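Per-chain residue numbering starts at 1, and chain names A, B, C and D are given in the order in which the chains are listed.
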Amino acid sequence: MAKLVARDIPGGSYVNLGIGQPTLVADYLPSDKHVVLHTENGMLGMGPQAQGDDIDPDLTNAGKLPVTELPGAAYFHHADSFAMMRGGHLDVCVMGAFQVSTAGDLANWHTGDPDAIPAVGGAMDLAVGAKTVYVMMTLFDKDGTPKLVPKCTYPLTGLACVSRVYTDLAVFRLEDDQVYVTETFGTTVDELASRLRVPVLAGPSPA
Amino acid sequence: MAKLVARDIPGGSYVNLGIGQPTLVADYLPSDKHVVLHTENGMLGMGPQAQGDDIDPDLTNAGKLPVTELPGAAYFHHADSFAMMRGGHLDVCVMGAFQVSTAGDLANWHTGDPDAIPAVGGAMDLAVGAKTVYVMMTLFDKDGTPKLVPKCTYPLTGLACVSRVYTDLAVFRLEDDQVYVTETFGTTVDELASRLRVPVLAGPSPA
Amino acid sequence: MIEVCGDAEAALRDLRDGATVLVGGFGEAGLPFGLLDGLLRCDAAGLTVVSNNAGNGHSGLAAVLATGRVRKIICSYPRQVDSWVFDRLYREGKIELELVPQGNLAERIRAAGAGIGGFYTPTGVGTPLAAGKEVRNIAGRDYILELPIHGDVALIRADTADEAGNLTYRKTARNFGPIMATAAKVTVAEVNRVVPAGAIDPENVVTPGIFVNRVVLAVGTAKAGSARSGSRETTR
Amino acid sequence: MIEVCGDAEAALRDLRDGATVLVGGFGEAGLPFGLLDGLLRCDAAGLTVVSNNAGNGHSGLAAVLATGRVRKIICSYPRQVDSWVFDRLYREGKIELELVPQGNLAERIRAAGAGIGGFYTPTGVGTPLAAGKEVRNIAGRDYILELPIHGDVALIRADTADEAGNLTYRKTARNFGPIMATAAKVTVAEVNRVVPAGAIDPENVVTPGIFVNRVVLAVGTAKAGSARSGSRETTR
């Protein structure tokens, strides 16, 4: 899945990879693609995770893991970092999700469980700020409930922000409230249509 | 007049000196007073005007004159510079004025002449931003009209912002809509009272 | 002109009950461990802490929360794998939480330092975190109104201070330091070294000295790599 | 990744009629003379120029105004001792002026780059420059609402660019450059040199490359000291 996302990120893009699975996308971005990684805790030009002696507690990513810096990196403070996001300067942001709606609404910060301790971090800022938001998630949760839904039931992160959804079974493009299936993995568009509660169309592959 | 203003600026203050006459105050600030000068075009730690080979067109003050930098200087961009002013971080600002009212209203950017080309610069930002605003001006204009007035007739720069007025004839402290004369030069409080259209009180000298 | 304090207690001497304390750091990067240790030895209670996280493990901010002297925390991401102290206090109803999206948190702190009365942000529109906030459509897009967050004291971690109070930071430990320094009545920076005025290139100053009141040298700790033993270099 | 353009015309190739052009500089410090010369050779008309001043003498911004292709100028301080060109156009009613206090001008440009929909500022309250603007009392103080200023193109002057587009500036020539770079669809920087990525310390970058699209080397001019002959250093 990370490989497909990496394939679809245009060369020369400025990209933010969310905590968890999205960080794997970095492994599939060849250096000649000139993708520059942003981490919202104040850096552009982030390199791979740090190992051994390269670990510096003052150099971490948004998941608080030690990372490295690449030539051409830049550091900045939190207001500047989020101004960069909110101002629409990032080309792509890749995030996980609990639910995505056909309109592109995103729910990925809270399950609505009243006992859960809420934490939002930078997710809402990324959702409204990046020019395009890609989501990586399993298409169904453990009990088989679809996570691509007509309307999110979990608390929202952002409205109409997701344009592509990468899942274990298919890749979806969301446009004008329509869901296009652009690729399938071991399943068919008809089969997906029968398992999801949203109408899907066989569509063109992402540009 | 510049000497008196310099005397009254507390040691260790961060100070902005407006264009024109107020720049002369710098000549009377001994280095052991540790006053740090701010120029709104992006610098703290401004030194004296540059001469000869020290002139660098990239290093100017708000009046666009070449200046120098002192040890401990810092450069920053315009949004940061005005955030510093608007955020109340400057201790003292010294400006010229066309009129000051007893309430401390300041008029110093426009004479109201309909033929004049208006220009405001950073005057309104300094008026609202600095913790204290001192004005330096002649007490009467060329035709003898007082510039310390019950109410400004020229377009305003800021409301209730001036706390002290240094003039050729006296020093005034403005407080709670009262005008205190703290020093006179070749005149008396009674004489001033007769020439001004505002009530004045003989008051304590500035702290 | 800054005051170089001998220890954290001296730097925190005017901390009062009910104060709002801005604490720099993102996770442990940029967390002022020495100042937080000093805070443990203060009496001030009923504090409001503004920080991106709500502490982890048992040291630093977590240790401060454990004293029970923090009434409220304003942050974006309280829950971490080892945020045991906060989690317990929260579940026991012993601490109030104001959850703010990270960028709105940063911008609200900046606004306080910049004298901005409020601003319209698109972040959070249509979400539960916009509940009760004014929504306004400007040029075809919805925004919510957010207000500044002012601090009484800011406790931040920097790298080098010069005697004019100018600061530099190290890598992503910069995070909230520069904006918190602008937003508090008193800003205290924990630094690795103090150098003479002029030793930092004026082009490379990140926080100008006008925003800094006091500095303390960091004491080496096993936890934070940034908390290397500090040294006061010879001054002119 | 930035594009290093051979000349100013190439850098300005997509300038269209009616565009809003942000022009850096405060007086002559930070004015991108080479780019303004290039602008003289463009056809685009009906431009709106956003800049602190309205040009002085007969070169730079004044020369651009003299072409009659600038419809409107948004600035804080148009009147200078030698702003003859602007003065004449203004008196003849041939140019529209929007006068904005300098700090509101800077903050409006920053707001555009930062995705802020509007903000409340105390600057200008009670003055003629607040006419027609919303006034709001927040926490006991009056503020006026100001809206962002977006640019189609930003023309700025920097010192060094690296091949990732990161910029540094020289002294007070920094002024509006860093905020204008964030607020335009296309940002063009006139620089003294281009160095390989990694040659600027990441701690000292003032404008990160994400905000820069194109650079051109400055050509030496007699007027501006900052416009020393540029050089492209060997790249790796």
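Operating definition for what follows: a contact is a pair of C-beta atoms (placed from the backbone, for glycine too) under 8 Å apart; a residue touches a chain by one contact, two chains touch by 3 or more.
On a predicted model such as this, the values are computed, not experimentally measured, just so you know.
Colleague: Which chains contact both chain A and chain D?
Modeller: C
Colleague: Where centres are the averaged C-alpha coordinates, which chain has the largest centre distance to chain B?
Modeller: For chain B, the chain whose C-alpha mean is farthest off is A.
Colleague: Select, from B-C and B-D, the pair of chains that is joined by more C-beta pairs in contact.
Modeller: Top pair by contacting C-beta pairs is B-D.
Colleague: Round to the nearest whole Å and give the separation of the Cα centres of chain B and chain C.
Modeller: The separation of the two C-alpha centroids amounts to 34 Å.
Colleague: Could you state the distance in Å from the CA-based centre of chain B to that of chain D?
Modeller: Chain centres of chain B and chain D, defined by C-alpha means, are spaced 29 Å apart.
Colleague: Where the centres are mean C-alpha positions, what is the separation of chain A from chain B, in Å?
Modeller: About 53 Å separates the centre of chain A from that of chain B.
Colleague: When the C-alpha atoms of chain C and chain D are each averaged to a single point, how far apart are the two points in Å?
Modeller: It comes to 33 Å between the two C-alpha centres.
Colleague: Would you mind listing the residues of chain A that make contact with two or more other chains?
Modeller: In chain A, the residues touching two or more other chains are 43, 69, 75-76, 82-83, 85-86, 128-129.
Colleague: Multi-chain contacts only, two chains or more: what residues does chain D have there?
Modeller: Within chain D, the residues that touch at least two other chains are 107, 110, 114-116, 121-122, 169-171, 202-203, 206.
Colleague: Between which chains is there touch?
Modeller: A-C, A-D, B-C, B-D, C-D
Colleague: Hey, which residues of chain B end up touching chain D in the complex?
Modeller: Interface residues on chain B, with respect to chain D: 39-43, 55-60, 64, 69, 75-79, 81-83, 85-86, 105, 110, 117-125, 128-129, 155-159.
Colleague: Could you list, by residue number, the parts of chain B that touch chain C in their complex?
Modeller: Residues in contact with chain C: 12, 14, 34, 36, 38, 43-45, 69, 71-76, 82-90, 128-129.
Colleague: Spell out the residues on chain D that touch chain A in their complex, using ranges where they run on.
Modeller: Within the complex, chain D contacts chain A at residues 1, 110, 112-116, 162-164, 166, 182, 196-198, 202-203, 205, 208-211.
Colleague: Given the complex with chain A, which residues does chain C contribute to the contact?
Modeller: 26-30, 52, 76-80, 86-87, 90-91, 97, 99-104, 106-107, 109-110, 121-129, 169-179, 206, 224-226
Colleague: Which residues of chain D touch chain C in their complex?
Modeller: 107, 111, 114-122, 136, 138-139, 141, 143, 147, 168-171, 201-204, 206
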